[in-house]
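What follows is chain A paired twice: with chain B in the first complex and chain C in the second.
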Partner chain A sequence: MSSPKYGAAFINRQSFIELDARERATALLDAGTSRELVGPFDRVESPWLPMQGVTPQEDDGCVVMKGKIAGQAAVVIALEGAFQGGSMGEVSGEKMTAALDLARADNEKGIPTSAVILLETGGVRLQEANLGLAAIAEVMASILALRKHAPVICLTAGTVGCFGGMSLAAGLASYVVLTREGRLGMNGPEVIEQENGVDEFDSTDHALVWAIHGGEQRVDMGLADALVDDDTPQVVDAIRRLVLKGPPPVHRSSQVSLYRRRIEALDASRQWDPKELRALWTSNGFREDKR
Partner chain B sequence: MEQIKLQYPARRKVSKRAHAGVVGSGDLEVLFEPAEGETAHVVIRTSVDGFGDTWKAVLDRFFTKYDGMVRIQINDAGATPGSVMLRLEQAVEASEQ
Partner chain C sequence: MSEYTGVRGTVWFRALTGQASPMPGDPNSVLTADAPLGSDRARFLCVVPDPHARFPCARHGEVGLEEAYALAARVREVIDSDQDAVKRPIVAIVDVKSQAYGRREETAAIFLAAAAAADAYGSARLAGHPVITLVVGQALSGAFLTHGYQANRILAFDDDGVMIHAMHKAAAARITRRAVQELESLAKDIVPMSYDIRDYAKLGLLYKLLHVESPEKPSPQEIRNVQGELIAAIEDARRSPVDLRNRLESKGALEMRKASILVRTKLEAQWQEG
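Take a look at the complex of A and B:
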């Protein structure tokens, strides 16, 4: 990494992670095509946070932008990881669901419209409890309805990562794109440590956390489709390619027998190394979904 | 959470609205909207109670050099006075581009 070539590339890259949700959404859409729906000036904020003494954000941490990607109609829905950990509340969830449903309606009218969901989230917003859970269920139903028509692409660049209920939503996506810094998993490191103790999982051990939840591991295990550098042109290019590719012939979440076989092949009586797991799951016999 | 309302004299029309920042720890969100009338209205919601005097001092200073006819909304998650001033100036820049 000390060679001048890598040094210059690192210094000159345009970081995607450093962009906020609004800037990320704008960056993914073709220049000059983006238009925000239900933005901060519409003041559709969480009614529940002020009751609990928490300052709300005017867009409830969910940015919805309509525009074009590679010349095709698309909607980008970006969660702001810096606001309440990107958590899903009643309003942010409804914005995401409505945007996905409008994209489905456009597809049914003959206007191919794909969706890109930028997930930086710990899942349900605890202050909104059941409403957050319901919101995630609705998002998942809307992803399932839309993905028949057009690709639904989930992107987690970091640094929050994608955890909790929204990791299940990512599991339903047509494609998942991650950076090396991005993390994807159902239970986050702190949650595992809190529930099962530090012997089970040391959340302060970053090498361990990224070896398990990190983008490289998730892509190489086949739980995500593309690994990109934290470089805006590279991220934009990956999203464009997947939009143009259209929905996959079989979605990951429909490959039930493949994932059942993969899990059955794991001997839970011994500790597995993350790299061993990659090797096993990508070996012959674990690649195709045989029904 | 505490709500603080402040008013300042204004005389210059502002043509564009502007948004800056995020309600994240140590940061804040600022919304500028053009308004009628020669008074600028500021509404602050902050998660940290008991800093009314500090807010007034920061906004007093801001309005010594700003005279736009605007409605300002601030949603704060514990930003320092320096961060508040930078976000206000960022919003001014965006509203006058």
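Take a look at the complex of A and C:
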């Protein structure tokens, strides 16, 4: 019990995970600068959920907040994991796309504006199916257009994680920040088990789930840029540092030949211990370009 | 329908390029070729099933790790070589049932592989390449995000063999806790949930729906017609902005995406205040 890990800092920390989307967005912006856009009082709700007997929410589970981070203009777009699993519908998707486009337009006008996207989502909202998928494609297009000018930072703190189509959005980001509780992957364990059987992925094997998708693994493999504790000041500090850093010279999703070589070198005839890949991908010849 | 995945992809790749083989160093599941299209020499790409693929979860026409990175590399090749030249068109022929659902894929970060392919297509579009998608069969979920959904213009055949959707019926029913029949009847009233390509066309995301009498065995005349439509789409893309605004400004979107348009209008107005 006297382990320093559980000392005063641990006891007194301010959990970020326990904050809802609106509180998270406010916490990331400099004190007194945040202003919510198209908030709950604008009442732009999903037109598709009531048709299916599902209660919509006044913000459709997506909070857009403009303000400053480290003194620079920024927009934070936060998905609320507690509403429909953070899924992307028509309205939440368009909020994200439009906010990214407005940030890009400001950059083009000479006002440096970065974007922070808080992803707690399983991907497409199946009740809005094709409009959700289209929204994700448009979010991805807008991230690509904005990241040339200013960093687009994706943060997944937990507990939902970032899965489905929105994991591609995270893949396009300038930087990805994760907690140990945050997970990042394209197909969740349950989906893989359903599609290809329990031998392929036993979704009840929690150790396996975290070993593959967990924040620590993703950061150590070089797939994400910062691992932070579930501590609000630490999260805020990591985001500030990345905003001030500006966009990387080469984005991770553009390093095609490196990743192609990494995949080619894998023995596809067997499953791997996730730790093997950490060692392999950080070894000589497989290191990522300096970011 | 799944047993036909890839048949149409190969048929149309061959019809439009005169061949159907991978480029050296690429997996057998990714076909790439340069072929004349109007006055251009276009690059065509297609993902097809390879029962002997290295990764076991990518042997039935899924887009897996190798497929995604091969697409990314072949699209980037065009961007790099045309930096100071006329931007050649890129045509994605789409007939993909899904992304690869596997443990190896997750461990080796298929999310990044898929993002890399989307990055390449999207970057090509932003660089001024007309990127045209031709959906000849299935275009499902993450596979479509990876291969096709970043295009300036999307064209699709209008028959029952074509399906653009977020998730196949059985899985969507399971996850939303509905019977497949219930899902189908809901899909009749709720256009974005429909599995019918003619309903998808109402959303305003498509540039054009094309009718081909025999999509698995097209006649020379049908092939010429499709080529003509692709050329028209390329010309239209070259005249237009490189972003995806056409999808929200279309006639269909004015009707079906009213909520999106409202969000954008309000956000633009409120962005400047304060």
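Here is the rule we go by: the second predicted complex is superposed on the first by the 282 of 291 C-alpha atoms of A that agree within 3 Å, B and C clash if a C-alpha of one lies under 4 Å from a C-alpha of the other, contacts with A are read in each partner's own complex, and residues count from 1 in each chain.
Here, a contact is a pair of C-beta atoms (placed from the backbone, for glycine too) under 8 Å apart; a residue touches a chain by one contact, two chains touch by 3 or more.
The structure presented is a predicted model; accordingly, all values stated were derived computationally and were not measured.
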> Looking at chain A, does chain C or chain B touch more of its residues?
Replying inline: C
>> Let me test your reading of the model: by the given contact rule, A:K95 touches which partner, first (chain B), second (chain C), both or neither?
In response: second
> Counting only touches as set out at the top, which of chain B and chain C does A:Q57 meet: first, second, both, neither?
Replying inline: first
>> For A:G285 in the superposed arrangement: first (chain B), second (chain C), both or neither?
In response: neither
> Touching A:F41 in the superposition: chain B (first), chain C (second), both, neither?
Replying inline: first
>> Once chain A of both complexes is superposed, is A:G197 in touch with chain B (first), chain C (second), both, or neither?
In response: neither
> With the two structures laid over each other on chain A, which partner does A:A82 touch: chain B (first), chain C (second), both, or neither?
Replying inline: first
>> On the A-aligned overlay, A:P274 touches which partner chain: chain B = first, chain C = second, or both, or neither?
In response: second
> Across the two complexes, what residues of chain A are contacted by chain B and by chain C?
Replying inline: none
>> Quick check: in the complex, which residue numbers of chain B touch chain A?
In response: 1, 17, 19, 22-25, 27, 29, 31, 33, 45-47, 73, 75-77
>> Show me the residue ranges of chain C that touch chain A in the complex, using the header's touch definition.
In response: 54-57, 65-66, 69-70, 72-73, 76, 98-99, 101-116, 118-120, 122-123, 125-126, 141-142, 144-146, 149-150, 164-167, 171-172, 174-176, 186, 189-190, 192-194, 200, 203, 205, 243-244, 247-248, 256-260, 262-264, 266-268, 270-271, 274
>> Give the list of chain A residues in touch with chain B in this complex.
In response: 20-21, 39-41, 50, 53-58, 80, 82-84
>> Which stretch or stretches of chain A touch chain C in the complex?
In response: 35, 37-38, 42, 44-48, 51-52, 64, 66, 90-91, 93-95, 98-99, 101-102, 124, 126-134, 136-138, 140-141, 144-145, 164-165, 167-172, 184-187, 191-192, 194-196, 200-201, 212-213, 218, 221, 223, 251-257, 259-260, 262-263, 266, 268, 271-272, 274, 277
